[in-house]
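First chain A sits with chain B, and in the next complex the same chain sits with chain C.
Entry: the complex of A and B
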């Protein structure tokens, strides 16, 4: 998605992103604050999860000038601290001060694509406050480094204002301090909703949030089991575009087409590569760097048309798993009943994906009606719900078929993980209705609903027996009492045995009065 | 003319008899529970299909279909409990010699944590108990609001508590006496009457008293106030059975009047579960449809629903034969109706001086 942008070689990537900040979720002071918090927080989670570390993330937002009486929008300081692996000091300047640093051409499931969002936040902060971003990080827990960095926007290069080293006192991980102009008053609701949902989908994380009013919100870890980190895979031929192909060619050390293909593409070996090259009419031994513009266009078209590539495998995906999803839902929604459905891996346009759906019913938190929580690669999606494919699927469900009462308190949680989430816009807030995705979502929602139906019918029959017993307990003692008086007996008959008996008859109507 | 000793026995044995029925019912339920079974009560079904006409008895009776009300059935346990409560409640009434109206029963239930949704529900349970015990509710001291009255030379002796042995002549008060619980249960001591005249309306009742019909025809006069309540029907039956008095019935000349006479004689479908509420030998002496023509009475056209009612009655087995079908046909033919008061056209006393003696004469041949 971002690859096309590099074609604008006249301006630096930093400048391009700054000019297009609306697209990346920095359109207004409130949206910018929300996006910045989110991007830094998600980078922290990635920094922990990639190394199998149970995340402990601390986020604090304070007015930059603690004593200011200015109203929003105003400058805020965002601090995000994690216990992740840390960043080797030599990588820090470029990791935070240069757009497209370390661009990877291999694919795997992660929250952000190329760490773009975080850099966008830094860029936005620098422009609006003229303050450097401050990064403190330690890899070994012995020594920590602090950098103050500005981005040279035109040159797309980091400017190190200050660098210092000090003892880490045993803790690894990274702390980012970023100043930016924001509107917390307006962003407050979304930010809190975001953390609540993030806690739901990362139940293995401890999340501590202090808001600008000094309120402390803690989301405690509900499980210590973390999904295994995702593996990196090569790109699948179906997912290729012109620019990605150019980059692959530029980067490849192979000098014949057949080797270039088998080394660069997912599930393509020499045999498949040869067959494909025959199909497209290219010489197997041709140097990939000799491809002309027209050749590249022709090659890409053929990649998309060719039917005999193997489907991508899903080993690169890291779904949350039934247990984790259940824990997250129970932890944050406290429902009466939870069902979770996980679909087998599937693929669209060469990108593998897995759909996980949770369904929560009842409890004290879920309001009546159907509430949708959407997640993509463990990111909560809070905007544009109505346009999302999940909304479409849920609207098309035939609730009556599952005997769900009208306005029942239901929450549906959809999680899609993929090497590339099919976002409809650059803002990354809602998913396109790809038929493959829609089908998998539909099946998962139905599976969860079938479980709910079963639960509700069991619950109803238990309630029925209970209701019946209540009725017997009310009337049998009265019958006993009145019949005792009528018969003149000295004691009550032993009616309690009838209450203990489970021979409660069905509602037969053969002797209804007229 | 009636032996006094036997009357007392009748009254107290009747009470003992019904108390035994209550006790038997309670004992049955008690022992079923004590033996670990859900108690149940079986009684004849009261649905339309099970109400059949008995030609010999000349009344409706319940057929052989029965209903089992089981406390085990979740839909039955509530009415079952209500039925047991009602038995308990009326047992107390009878024991203490007190009476209760249908409305009283509805409210009394609340003192025992028993609820009835409305009086219709409690009335329904009262009818159930009538069916279970084959006794009228008056037998267990539950009465409707009274509205009919009796006048004439009949000396009665009260049996109700506080009035036992006290006597009263029913000609002592010209407005007549309400036929209520104390009168219904009183013993008949003495009478000079030779017949009973039951009239549909209070106006005519007063006219008869004023014109001394009771003396001139040696009659007891009863105002049925429209369709007579059961206590009045029971009273009519007792006068007929115990004192051998013939019963003559005077109503308006319309299908409803004719049906009042029929219910007195043959009973109603609603009371198909009860006996001793009919007077099979009773006679409807007027006003007939044919009298409208014969006496040139002022009349009104029958409305559509009146005609519909005539067609219904024509299919009713109680109306087979005699004057019953004939007079229904007259209504259909002339399509007119008239009232008892219509005789006032010929003067206020025309009905007592001219019509009544003529009809009593005709009655002999009925």
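Entry: the complex of A and C
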């Protein structure tokens, strides 16, 4: 037997995702169109929010051949323009033309996580239409740069076809134009739903969408108060592994353990560091670079076992806030009743997270049954709901306990923000059921349900009081009349004060039970 | 504003998966243990089957510290040994220590698809236990090689700690030993279920599993007939994109279009190629290397529109076959009734696939309700069932039409084999709902249900006949007796011949309805 029967080969990261595009949500012309639009749009929001700029995002989808009468799937041009920070020109080619190169690899809350979405859109566009992506960007508002780029998939490297510079005329930000083979007819419902939900959680953004038929959909900014930009944090001891510890030791300039710990770890000061070093039995003045392989193993095990580290600080996170969530829900769903429950910060494997849950009941928009709206770091998640941790929680809650009538019109809105969302797919469709996440979600949903129960029971008792008053208002005049006659008095007693006339009259016409 | 506010960086493929291990099914100690076992086991089966070797696989999981009384999660040693083809020693370091290097990047049916699973197991083991992976392998049965390897995650490169060679004593194949932090207590149920289901679809394999308590579970080979090894095929025109076409042109030695097509595409001969070139309006003698950018775009569009290409040939696939599936189901589920439906080969985006469905009813093992067993290229899929295309199909089938009683004890087994399974996650948990796949699954499930309906209706009518005979057998003697008395005859008529005595007697005791 010779080696020839086993063929080994190496592929580039671009090649891997090119071959396995189902992984990133680019599995069909309709899905690819949807994914491309949302990935570019989310990059635009990040480019504004992370730098404290109120977002103004313009999205347009046009058939590439304007005169075509072909049915879908066909080539579409996608344009996404923002007023964000812009991209320094030296980084543009790699940022758009090289997989695993990007600005999303820090420990901080952002919509993007894998640095993959935009590149997958470009790659998919390139292989289906044979056209380059065009990027125009300016960081200073003075000079703008335009690049036309293709990706060399086998080499995972950008090919610059054209580069030019021109006056920016005062505006910073980035515009991306790319062509891809898409099916808008099938994607349109999801695309519109996506923007509607996105507007619900970014009420401080102006979003303008022009669809392929030229129809304009505008979500106007409802508030100028934007959550403060999220901050980068140090890693928490509970999230450490051997590899991460080695890297910290290599990078650190500190030469004693206690300083190394307090400078490298999130929420570890000298006092906590000393206590921990006592616990694990390491000299606090030892040089971290002197740790042997076995020392590192021992250190890591102790980090995970030690109970006295402080929980991650969530000030690096940027939740929606009760007000924003409430406003968003009322604006988009117009319900009869809203409750919002926000959990205190928590953590899984050293990553801080915050759960926010909204519950809307009744009104004209919400249909019968329970509808779930899922958000993660302010991204609406529309696909693969059945496997998501939120679905799991809602299925497991004991609804009867909260006396919610069957098929009541209810919308549940869940939002999770974290420095690291535990997505199960590169396409960011749904979240893993980490136990810590599940617990916080369950508590928030229960809290919201308790509020609904209170509201419903109040509503019921008011209805009951009204019904009683209705009965009184029918019989009291008769009783008054008879007793007046019996007593021989001439004037009826003033019983009408006993009834709150106004309230009863309003309801009488509808109330057919009596 | 300076560039410093935007930090760009490059990460290696190892780094990407190290950071995002949820993507590959390594999200918790229990899940990681499960995923590591199955990935190594599946690599072993591939290493046998792809070379026509009857698999003999030995798996052992042991607490790394044999004397520990610690509760889970804790460090476990996983050992997986096979009698497969072995790995040429020059390829060992990269095959185990470099992400995106491997032997699974061809267009042929195999369990592995991403070349990721084994490496994720090694990576996870390394970062949680700080230990190298150890690989022993022999391709010729004469000389064996042992490597101890760590992965340099930032560089995506193997670090060889130790290398040695020794006599193989006649046995080829590979043994992998790695340590990882796992939770067997939580994983055990899934692990055992996994092996049980794996045995169901590989009845020609000997599988030996020793669990951490030293308990031995053996699945013995039930047959020596193994499906023929799957073959590599050329790409089908329907699966082409611009990138793939460019590569084929670059690699091809043919200098006229008609030959280029017939040598590069699956199921395209000179005749089909000529017809297509007429259709698209290209000279059949043109040099493929002379195609311009626009020509390539035009060519690709035409490839997708043209209706007269032959469907992909499924002879490259290796389905289970009716017999094997039937045997597997009967062995593992012991049902009252089995039906198997196999669909003719079909294709999605140029990738051939075959759907096989088994339906088992009744017996002692299957509980009430419908239980789904999913397989893809002979891998049992145990996680994320709710989003799988098979779940979707089963939910959408009109069960009433097949007169299946509510809560009947039914197991549905679906197996899809393809040169490219459309997994939605790197962890190979579930399949995308490609319309072609959905259609074939639906047809197969319906076919199996029709068979069940027939069986159930036959069973009912037999029961009815029996019941009638039971009534006759009670009343006939009396009628005979009375009519004999009335007629004054002395001997009873021989009515017993009218009844099939034997059949009735057998049932009478159970039949309490009369």
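Note that in this section the second predicted complex is superposed on the first by the 359 of 514 C-alpha atoms of A that agree within 3 Å, B and C clash if a C-alpha of one lies under 4 Å from a C-alpha of the other, contacts with A are read in each partner's own complex, and residues count from 1 in each chain.
Criterion: a contact is a pair of C-beta atoms (placed from the backbone, for glycine too) under 8 Å apart; a residue touches a chain by one contact, two chains touch by 3 or more.
Because the structure is a prediction, the values reported are computed rather than measured.
**Student:** State whether chain B or chain C is in contact with more residues of chain A in the superposed arrangement.
**Tutor:** The partner making contact with more of chain A's residues is C.
**Student:** After lining up the shared chain so the two structures overlap, which partner does A:308 touch, if you call chain B first and chain C second: first, second, both or neither?
**Tutor:** neither
**Student:** Scan A:242 for contacts with chain B and chain C and give back first, second, both or neither.
**Tutor:** A:242: touches chain C, not chain B.
**Student:** On the A-aligned overlay, A:432 touches which partner chain: chain B = first, chain C = second, or both, or neither?
**Tutor:** second
**Student:** With the two structures laid over each other on chain A, which partner does A:22 touch: chain B (first), chain C (second), both, or neither?
**Tutor:** Once the two structures are laid over each other on A, A:22 reaches chain C alone.
**Student:** Per the contact definition in the header, classify A:483: touching chain B only (first), chain C only (second), both, or neither.
**Tutor:** It touches chain B, and chain C stays clear.
**Student:** Under the stated touch criterion, which partner chain does A:69 make contact with: chain B (first), chain C (second), both, or neither?
**Tutor:** The answer is neither, since A:69 touches no partner chain.
**Student:** Taking the superposition on A as described, I'd like to know which of chain B and chain C A:472 touches: first, second, both or neither.
**Tutor:** The first partner, chain B, only.
**Student:** For A:406, using the defined touch cut-off, is the partner it touches chain B, chain C, both, or neither? Pick first, second, both or neither.
**Tutor:** Neither partner.
**Student:** Using the superposition described at the top, list the residues of chain A that contact chain B and also contact chain C.
**Tutor:** Residues common to the chain A contacts of chain C and of chain B do not exist here, since the sets are disjoint.
**Student:** Name, in rising order, each residue of chain B that touches chain A in their complex.
**Tutor:** 22-23, 25-27, 29-31, 33-34, 36, 38-39, 45-48, 67-81, 84-85, 87-88, 91, 112-114, 124, 128
**Student:** Any idea which chain A residues touch chain B in the complex?
**Tutor:** Contacts found on chain A: 468, 471-472, 475-476, 478-480, 482-489, 493-495, 497-498, 501, 503-505, 507-509, 511-514.
**Student:** In their shared complex, at which residues does chain C touch chain A?
**Tutor:** Against chain A, the touching part of chain C is residues 1, 3, 5-13, 15-16, 18-20, 22-23, 27-28, 51, 85, 87-88, 90-91, 94-95, 98, 100-103, 105-106, 113-114, 126-130, 139-140, 153-154, 241-244, 247, 293, 296-297, 300, 384, 386-387, 422-427, 430, 432, 434.
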